[in-house]
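Two complexes are shown next, each including chain A; its partner changes from chain B in the first to chain C in the second.
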Partner chain A sequence: MGKIYPTNRKISGTTGLCLFNFYEMIKSRLFVLIVFLVSVSHQSFAQKGEIHGSFQTDAQYYREDSVIGAPDVPEQSGIDGFLNLIYTNKDFEAGIRYELYLPPVQGKDPRLEGHGFANRYVKYTVKELEMTAGSFYEQFGNGLILRTYEEWNLGYDNAFDGFRVKYKPSRGVAIKALYGRQRYFWDWSPGIVRGADAEFSLNEMIGGKFYDNPNKIIFGASAVSKFQDDRDPVYKLPENVASFAGRAGISNGKISLNGEYAYKINDPSAVNNLIYKNGEALILNAAYSRKGLGVMLSAKRIDNMNFRSDRTATGNALMINYLPTITMQHSYSLAAMYPYATQPNGEMGVQGQVMYTIKKNTPLGGKYGTKISLHYAIATSIERQQVNDTIAIGQAGTDGYRSDFFALGDEKYFEDFNVQISKKFHKDFKASFLYTYINYNIDVIEGHVGEGMVYAHVGIGDFTYKLSAKKAIRLELQHLYTEQDEKSWAMALAEFSISPKWFFAIGDQYNYGNEIKAKQLHYYTASMGFTKGTNRISLTYGRQREGIICVGGVCRNVPASNGIAITISSSF
Partner chain B sequence: MRIQMKKNHIHLIVPVVAILSILFAVISFSSCDKIEPPYTEEVHTQQTDSFEIVRKVFLEDYTGHKCVNCPGGAQTAHDLEAIYGEKLVILAIHAGYFATPDASGMYTTDFRTATGTELDNYFGVGNVGNPNGMVNRKEFSGNRIVGPSDWGSKIAEIIDLPADAFIKMENSYNSGSRSLTSTLKNYILTDLTGDYRLCVYLSEDSIVAAQKNNDPAIGTTPDIVDYTHMHVMRAAINSTWGDTLVSGSALNGTIIEKTFQYTLPANFNASLCSVVAFIYNDQTKEIIQAEKMKVVE
Partner chain C sequence: MKKTIFLLFVLSVTFSSVIAQDDENKVRTLPAVDVKALDGSTFNTSNLENDGKPIILSFWATWCKPCVKELTSIHEVYADWQTETGVKLVAVSIDNSRSTASVAPLVNSNLWDYLVLLDPNNDLKRAMGVNMIPHTFILNGKGEIVWEHTSFSEGGELELIDIVRKIINGEDISDE
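Here is the complex of A and B:
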């Protein structure tokens, strides 16, 4: 990584020592890589290749606003930014990524503060073999035992740094193997991760007439292990923790079924309170689609599946695996006020969704047709029993608990039932309506105690009227009713757009139901944006309420703020 | 047709064998470490005489009475104290969001101190969350803030290193005036370069008050009404950042004596209070030696 810290890291064992030297070597080669990338841009080599890039910066100026509980920011500002450069030439690819957080905008992990080259890699493909050295992202199956990715809005980046090889030994067979450490803000994980994955496409393997058969069968298997030395004087900690997963999927164009099961051996960590129980995860998905109709069903069970390259890491740091959420990610502000965060220590859940389009020129469909979506999701605890009479459930330094795989827990974590109807009434007017009923367990999802469950009814209307071919007005009206937490909210947003370049918007969220009069606050905002080609600039002024942002079940807290925010993004 | 089938089988066998070999290799060198009970190491408390010259490590536990995970952190500190005895000096600093007292109800006690809040803001521990702490305020791989599950490892990494300094402390307490006199003889045991400062704080044990908790192995959930708070930071006797001890350099063998006086407030139980002192590098903030002694022996 570009920002180099002195390290006194000691890795026991020959393998670890070799890897350590490899990293030092990689770091020292960073400058060479940059020089290489710059120089090739002036040479014929570069003329035959292509350079692509993307850039974004999010800057915020903070004003004092103790009324909304905005924290004091000594710097009065925060800025995040990145620049990606990727050079490709036939089978060769190299890239670097510069990042800057001076300091990070409020809500992102303060350990991100700094600037430097966070990511650099080279990749080369020779026929069936692809080799990567440096930073890379990878996913095995659904990610139950391995997935690394970058999510800018969360400040999440658990990229690997090491070697990866992908090999296709024959038609329909793909093998991946990797070895490396994970990004830990501006450092690397103390643990080493190694893994392999194999995926078989049966139709391609058998070939012949099966190749074009509409019934497709895919299965795969993966194994991932991490190493972290144990110097703990209190507990006997496993230095090597392995996990395994198997998956299968079948589809025939209209119907698809897939599932994955994962198992992990004892992995006591800060997140599971140092219990030695094995971990398990199961996810099942089924989907049916035809013109005008889509049906989707999912189920999952997770038990003690937090898996990180540092057993002491918490928050969103150093996660090796990804446990998919099976709840809907709402985009409207008030519907997204209570989002669900995956509970790696244990949860069970099901989700179902039906999407139906009522045909045009029918009594309900009208002239343009009507889209209806029904969605339901629930997540609960898993059943837990004491290991014996003397050990409390979850007690550190024990097996923690016993759990019947098929038994439901008795605590609801989250429930969401929603209906969405979208309809075009006129060639210049369309509207969308959403009703959602959310049950949200604050204690579990936010890690508090004694705050209980929130039961929220949210109603939303979204209306768009086209003034001309390019100009449109959009109005969002939202209302959240609840007797819990901060009680009820109302919101309105009006947006005027001149496509494809300009938009102007004003909005207000009003916590009118708060039982404390002084907290019945308005969170007003005014924003505008300009887009030309791939360049985009947006400017927002106003208040932001304290809340939680979640992407795919991974969340971060966002403190209240008042000020000006500017975002500039571009790509080429 | 038969020939085609045979070709297909050969076509399958080669990759399958290759894949299984790789997976087997990965799993083999991964060699899962299945730990059998008991999962804890045997505890043998390291006995040290108060005046024995050893490195004493300073563990700061940033905590709050409304932090549900903090009793778990305190338990970890207690387990480590059982192992390292007087070689480990613990200070529980109540600061930040979870330490804020309520206007009424169970959590009205204010354990916060101005110094604790200043330290929490300076080191940013509360921003990362509670419970968290620092071991000798040392940076480990670029990070100073250490979670309870890592305290043991980090302490083990440094506690057996030779001491760079030693603090010989003697306390004298007048119960009538509640006046404390603490004399610290600071022995420099290696050639030091840079500026070093000496901090002297006061802590109090066994304060019984409510604490939020989510660990049934420790106590009732969600509240332990009569939780015993240990190692609670009460005051900074010579300010948050202390006094200069070494300016520029000091040779091995240097002895610097400092005396401090402090009047204990009426609500402090002198028999449960201790003087906590440590020497740190002013530039890196890393603590090189700590000491703790009861106000009343």
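Here is the complex of A and C:
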């Protein structure tokens, strides 16, 4: 006696709740994954399993700054973070990824707001067959008809959720097939994507003495189709949109040539203003290199190749394919002020680059050699003609336009020319100089009207002086001259580093040329960082100018802000 | 909410038991992932080897200034390092199809003597938990990952060779 037993009702109530929760969990895909993971890992505890992953959190504290136009953020902060865990045990692999955006830092898509398990998958390999269920990333060829990837700094993730198999039936042959929906922030795409790719390595297939032949020949083909039902009240839209691509490459170590052509059937969408034209894309790359010299040439043509798993999507969301930009990717702030982005509705472009090292112990090479790089790129519109006299170019519900594949368009979108020289003058002193001339069509690239072309000259000097074996000072001086947009800028940055753990930096960007006196502003920052192994913490205080951040060929706009930013990152 | 907590619990139990199992002999192996060699052929990372000598595996990209700096600094002393320790450097480029074509010209014009691999859709980068580049791993003679570091600043290469020497001499580097 004395012990109080719960009433029957309570017991059944509690049990009911548990059962209910349990049922809910069984329904949950994540739970199934966990059960599978637990059972598999228990079975194979005799063998060794490994857990790895990575973690990062970016926190920003915002201060209102009406001078630079930094908005008042009601939460006063933005915090993003993720934790990635991958478990591997022999042929088995499973992973989960937790993400948090409360709220997303300024500049990332506000639709990311939320937290939870964004990504989870299991993968099993049976000899030549690899099977994945859950979230995965894939690329066919250059990505012209299919590429899913994730870029944390841009808040970009178009992962597939579905099935994928990879199969290597014989030597030199690799086949991939997939089926799924794409991640759309915290939801999935309305459209379904299906695709297959095959790649053949001729040398490996033939084998024998061809296997070791320095001339390697590789070709491949892929097909991708998406399905989205048509509920449009006006137009009859294609529910199944197919696309095909073929590629080939030959390389002998010194010279390489490769190309890929892609074709897509009519796919009226929000981005192409609902035209029924077919799409095409072509990319050609050629490279030659030997010790001390590298030459690269590329050309491309894109015509109506926007391809998404939701025809109504715009911005950086639900893209099935990837259309690489063929211009130089700058990493100095002022040179990166006017970055180009591929125009999926149509563009033509070429780029060329020559890199050369002048030998040591020559008059121009000096004691340590001198490196020179020349780069040129241009992107223009494609030629467009009316389909007939009554239909305007790009008119919705029509074929849009006709385009001669080999004709040049007459509108320039972007052009740049770069010269870079790097030289070590002394064992403790080296410098690098960059001159860039950029033509940037604001109207086309940023989608504005009537602002025209920016012509900018950028000069940069980057000097490093070693104080001791592990201590160094680096000074960056940059200047951008233009008569357009916000006119001229000057920038200075000083950095002190103690390898491998510490760095401290201060910098200022000054828009001294701005026509409006009140907008001749200083964007000063102070930052420091500490790294031990893979644990890294960095802290930045100051003003961030409005601008475009580009990583891996995708760009996002970052609004002006003022405040403190902390990043903590780790891998294990 | 309860579901999430429960899941976290199951996860932590599973993972902690796995880790506990391995604790006495914690090894980390290189994941087997298909990447590309510069001539376009497929290369599986399980085939990486250096005759029982250590390997430095460095993630980089043509557009990443500190990465190019790291590989340039190592290039200046690489011949000496190889003679002394037999170490081999594998440079994994995460350039995507925008810039893969300029990887070989850049490598050759800089006279780099590294084994260069291409990871255009970041499959290996993801499998190895790399957040930012440069990110450098050191593998011991058995191909196990024994050390890693993110970022590069002047003189950072001195730490790398220091670790390589310690591995060869069988010294403990768990604290480095």
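Please note the rule applied: the second predicted complex is superposed on the first by the 529 of 572 C-alpha atoms of A that agree within 3 Å, B and C clash if a C-alpha of one lies under 4 Å from a C-alpha of the other, contacts with A are read in each partner's own complex, and residues count from 1 in each chain.
Assume contacts are C-beta pairs under 8 Å (C-beta built on N, C-alpha and C of every residue); 3 or more make two chains touch, one makes a residue touch a chain.
Because the structure is predicted, anything quoted here is derived from the model rather than measured.
Undergrad: Quick one: on chain A, after the overlay, do chain B and chain C clash, or do they fit? Just give me the call.
TA: After superposition on chain A, chain B vs chain C: fit, no clash.
Undergrad: Tell me which touches more residues of chain A here: chain C or chain B.
TA: C
Undergrad: Answer with first, second, both or neither: which of chain B and chain C does A:Asn213 touch in the superposed model?
TA: After superposing on A, A:Asn213 lies clear of both chain B and chain C.
Undergrad: Does chain B (first) or chain C (second) touch A:Lys470, or do both, or does neither?
TA: Only chain C is touched by A:Lys470; chain B is not.
Undergrad: After superposition on the shared chain, which partner residues are touched by A:Phe572: those of chain B (first), chain C (second), both, or neither?
TA: second
Undergrad: With both complexes superposed on chain A, which partner does A:Ile326 reach: first (chain B), second (chain C), both or neither?
TA: Second partner only.
Undergrad: On the A-aligned overlay, A:Glu50 touches which partner chain: chain B = first, chain C = second, or both, or neither?
TA: Second partner only, chain C.
Undergrad: Counting only touches as set out at the top, which of chain B and chain C does A:Ser66 meet: first, second, both, neither?
TA: Touch status of A:Ser66: no partner.
Undergrad: In Å, how small is the closest CA gap from chain B to chain C once the two complexes are overlaid?
TA: 18
Undergrad: Mind sorting out which residues of chain A both chain B and chain C touch, each in its own complex?
TA: none
Undergrad: Could you list, by residue number, the parts of chain C that touch chain A in their complex?
TA: 2-4, 6-7, 10-11, 14-15, 17-19, 21-22, 25, 27-29, 31, 34, 38-42, 62-65, 96-99, 101-102, 104-111, 120-123, 126-132, 135, 147-156, 158-159, 176
Undergrad: Show which residues of chain B lie in contact with chain A when the two form their complex.
TA: That would be residues 4, 8, 11-12, 14-16, 18-19, 22-23, 26-27, 29-35, 37-41, 43, 68-69, 72, 75-76, 79-80, 83-84, 124, 127-129, 141-143, 146-150, 152-153, 155-157, 212-217, 221-223 of chain B.
Undergrad: Name, in rising order, each residue of chain A that touches chain C in their complex.
TA: Residue positions touching the partner: 21, 24-25, 28, 30-31, 34, 37-38, 41, 45, 48-54, 56, 84-88, 96, 116, 137-139, 141-143, 147, 149-150, 152, 174, 199, 201, 203-204, 214, 216, 218, 249, 251-253, 256, 258, 283, 285, 287-296, 298, 322, 324-326, 329-331, 353, 355-357, 371, 373, 464, 466, 468-472, 474, 497-500, 503, 529, 531, 533-534, 536, 552-553, 569-572.
Undergrad: Spell out the residues on chain A that touch chain B in their complex, using ranges where they run on.
TA: By the definition above, chain A touches chain B via 5, 7-9, 15, 109-111, 169-171, 173, 175, 177, 184-188, 190, 194-196, 198, 205-208, 221, 223, 225, 227, 230-242, 244, 265-266, 268-270, 273-274, 276, 311-315, 391-399, 447-450.
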